[in-house]
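Naming follows writing order (A, B, C and D), and every chain is counted from residue 1.
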Amino acid sequence: MLSGLVEPAHPGAVREVLEDVHELVRSLVGQGRVADYIPALAEVEPRRFGLAVATLDGEVTGVGDYRVPFSVQSLAKVFALAAVLGADGDQIWGRVGREPSTHPFNSLVQLEIDRGVPRNPFLNAGALVTTDRLLTLTGDAAGALRGFLRAESGNPALDSDPRVADSELAHGHRNASLAHLIASYGNLENPVPEVLDHYVRGCALSASCADLALAGLFLARGGVGADGTPVLSREATKRLNATMLVCGMYDGAGEFAYRVGLPAKSGVGGGIIAVVPNRCVLCVWSPALDVCGNSVAGVAALEHLTARTGWSVF
Amino acid sequence: MLSGLVEPAHPGAVREVLEDVHELVRSLVGQGRVADYIPALAEVEPRRFGLAVATLDGEVTGVGDYRVPFSVQSLAKVFALAAVLGADGDQIWGRVGREPSTHPFNSLVQLEIDRGVPRNPFLNAGALVTTDRLLTLTGDAAGALRGFLRAESGNPALDSDPRVADSELAHGHRNASLAHLIASYGNLENPVPEVLDHYVRGCALSASCADLALAGLFLARGGVGADGTPVLSREATKRLNATMLVCGMYDGAGEFAYRVGLPAKSGVGGGIIAVVPNRCVLCVWSPALDVCGNSVAGVAALEHLTARTGWSVF
Amino acid sequence: MLSGLVEPAHPGAVREVLEDVHELVRSLVGQGRVADYIPALAEVEPRRFGLAVATLDGEVTGVGDYRVPFSVQSLAKVFALAAVLGADGDQIWGRVGREPSTHPFNSLVQLEIDRGVPRNPFLNAGALVTTDRLLTLTGDAAGALRGFLRAESGNPALDSDPRVADSELAHGHRNASLAHLIASYGNLENPVPEVLDHYVRGCALSASCADLALAGLFLARGGVGADGTPVLSREATKRLNATMLVCGMYDGAGEFAYRVGLPAKSGVGGGIIAVVPNRCVLCVWSPALDVCGNSVAGVAALEHLTARTGWSVF
Amino acid sequence: MLSGLVEPAHPGAVREVLEDVHELVRSLVGQGRVADYIPALAEVEPRRFGLAVATLDGEVTGVGDYRVPFSVQSLAKVFALAAVLGADGDQIWGRVGREPSTHPFNSLVQLEIDRGVPRNPFLNAGALVTTDRLLTLTGDAAGALRGFLRAESGNPALDSDPRVADSELAHGHRNASLAHLIASYGNLENPVPEVLDHYVRGCALSASCADLALAGLFLARGGVGADGTPVLSREATKRLNATMLVCGMYDGAGEFAYRVGLPAKSGVGGGIIAVVPNRCVLCVWSPALDVCGNSVAGVAALEHLTARTGWSVF
């Protein structure tokens, strides 16, 4: 029953698989709807597609637009959480849960039911709490996040796109509503406008598939970062992966686990990071989204890739 | 950071680990609350504890009451779903989802919002739909399920406890309410009383940790059953494991993934089955439950066991 | 500002107003959708329209099909509640609330949130509870209800339509679901099938606008029934009217209070009863319904009638 | 059955009834919990009690602290809505509904479900929308509201309490959350901070029972204001009363209609205004609240008063 599975043994073999996958999803690229809640995102060319694999040794292989920076949006939530867990241990779990949510990513309903404790750190509400904590810990949450991504990706030019950040702030009534609601339950340590500002600048970071696959590599390496020292303990890393699998794909977590079977996080910029523990990290980008807010071609590419390689945690 | 992990290499080593785990959770056994919604379950001795591991070769090692039969309750849902998937392929997914639910296992709220399509097959509502399908496919859903468990566990004496079944039917207003609601949306093929009868007799099956670890072994063996032939394809098996991880522990799925990191299913009889793909299947039993309906000592035992052995999919 | 209001002083003047109203709503008759959840209701001619006024002295004036019997459906809920309040005093309020519901009339969501205590007696769930109590009190809830309507309307031929009752039972999964859910919380005194049977036969009563306006006259007469003795105390009658105003029109209660300003109850057969305290009772019938389940032409007729006469409690 | 009802025929008779009522509720005064979400309200002496009746001729009779100013809080919502309806006609109903809500007065859940259109103008969310409209219409919503209350009450000293207003702004995360959520759906015309500022200053108005009974007199007089000219048309006044009856008492609307049977509005300052159409307006004040946020002694006083006088719309 394993016939057809090809465990790619070297970069050349990986590239071949990636190219096949690219071919298989070509007709899906551009299908779905580009996020248009802010003008700066709505302008992105929907037919972009990039796919990169970073292996444990830090080697990156990619196809398509895998070196083109895009808006990381919610992918930032993984790195912000990792930064907080690394600096602060498990304390953050007293302020945010780790259960899936059946409500949309920016919903207030669940947050009110749970009295200001977001269901998980990958909802906007949860990421506002981790941003708040990172701000307390560092004095500059957006700067700390950028520094983390630069260090792990090895790309010192990686930066926030001020046009996206300004655009998000100007259209950010929904996030402002979430932040004030959390604050009303006493679950923010810093003033709402500052938390929103840092949150938005984190979401507005631009990075490529190559950057992000490298930046996430510690998740496949038991927590060991680019410089060989631990970003997180092995235990905390396993747990972060578990939380990604259960909560990382908005209301499509079950579907993604079923089709792909990897811990992953998506963003409305069209990016998805997926972790193959002890093997590699994948990053795919294609801006057109499905109704859950996940990249249509991105999910399909990961499904083909894992079917082809047998990469799955199950 | 891996110091302390002991991959048990032989049955003797496994037993030693299980004994250590038993020791570690001894003070938790009996903590929580035994399911008391039917008299037949309420009478179970809360201080029972059993833990068994079945390895790929069909060897079982266990400690405590691992050979004492208990009421499988919702553990039956995994086997009923596997039986339907094996006989019928993916068709069932048109009638039941695979997303986690944030509502309790027997809630009607979500079912009404989703117009009669249960969120996943591990909720009571979802299992009523799979039971209904199994009834259509076999003419005797409860019998088919019993046959499946007997064949896979190798225990021909495994049977339904009529006292439990009668007790559940007599106190089964909640399940009757769910079944009628599903039927009102046209999502049942058989009459409500028949579906309820087969569902209840499936839940009332009695089996031991040893039986259940063996019966679930196909989940760790890429779908290959006790007789060496496939119960499910490798792909379908991966997907079933994925759905268990995301949906198998009621509203505690995120917490369980975080603490244990394995696909699993719990039942209100106090049993939990957990899958370590390509390695083994675990079954633990201790009747006292936490607020989510999961065995307190059982979850703790699996947490210690996986921390000790490094068994985790992440 | 009162110019245009004509308080009709005698039956001839009332008839003239009713004829004007009939003319004004003629174009609306048939607009909307006839209830089609059971075949027996779906066959009703949508262009029917009847309107009757019963004044305190027991005089009835009407236009259109006001002597044609139709299926009373939820209008029965008012009479069943009155019968229980009359026999049993305020005890029923321990088992059913009197707050409006924002969910549809046959929703399970609210019922589960409120743990088996229906929000008010005019939801299906609430009427199942009052039917259950009436069954306990009389041994024959459907018979008692029929007797009540016969006595108050003075029509000894008034009866249940067995075709409608059978059709409702055969398509009654939703009500069965509600009844089992209520029973699961211990809020039914009689077996579910018996409660459903009596409930359905009460809904299946056939009566005309004339019958129903007369039958409801005690609501405008401080509780005094057709034979001059109290059906309810003055206080209980005021309170029943208050509950009708707040809860009687499903999710359209606020809209109806705003447009018409009278205590009222509607049924999916297309009937509406409205009370002008100390003056008269109105009953209108037209089968085509709006999205809330209220008769389109019926609501419009009551709005014109009250605008013309100044009849309103406000 | 009418024995015991005393329709008070002259101010002396009214005073006697009010004194009796005061005596009857004396033991309840102070029971419940004073609103403590802002320090300025938490300091109010819980044992205060005032009750006033303003008859159609503009005469006021009162007992207890009926001339002591208190924080009007949500009572302002009635006057803000009247001011908007008077200036703008029915347009506001396109931006706010008139159905009861089953969620607490400051809930975001319903608002999100209804996509930014508040269920009714007596929820905080709804009052933010009417304040926004009043701001557009007048350029100074708080000033217009104060002017309205001064003119109708005849009290030129009536003013906003800056300590309360500042305290509410400082603790106003919940209202800020609501306002941003409404704005995110495009249902605000003015900037969020300005709307909040005017809203809070309106809630912070201080007025006595005497002031408020007089200020609301147009509601009992078919819309005719203190100077004999219409504040609202007779039709609009009836409709405003209807909306108050259905929506004015938070989640206790059904209970209040059942016990008291009058259109009314309550505020967390402990005040309640109730309208007896074509007869009088009542205002009661006692700061300790029940779980719905309604004054315990205030509701009881209105229940006794209406039982004694027969004042009720039913």
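By definition in this document, a residue touches a chain if its C-beta (ideal position, glycine included) is under 8 Å from a C-beta of that chain, and two chains touch if they have at least 3 such contacts.
These numbers were taken from a predicted model, which means no experiment stands behind them.
Counted as hops between touching chains, the shortest connection from subunit A to subunit D is 1.
Distance from the centre of subunit D peaks at B, each centre being the average of the chain's Cα atoms.
Centroids of subunit B and subunit C (each the mean of its C-alpha atoms) stand 48 Å apart. Our note on geometry: subunit A versus subunit C, Cα centroid distance of 55 Å, whole angstroms. Centre-to-centre separation between subunit A and subunit B, using Cα means, comes to 32 Å. Multi-chain contact residues of subunit D, defined as those touching 2 or more other chains: none present.
Within the complex formed with subunit C, the residues of subunit B that make contact are 107-109, 112-113, 173-174, 176-181, 183-184, 192. Residue ranges of subunit B in contact with subunit A, taken from their complex: 1-2, 97-102, 110, 119-120, 222-223, 230, 233-235, 237-239, 241-243, 245-247, 251-255, 257-259, 261, 263, 277, 307, 312-314.
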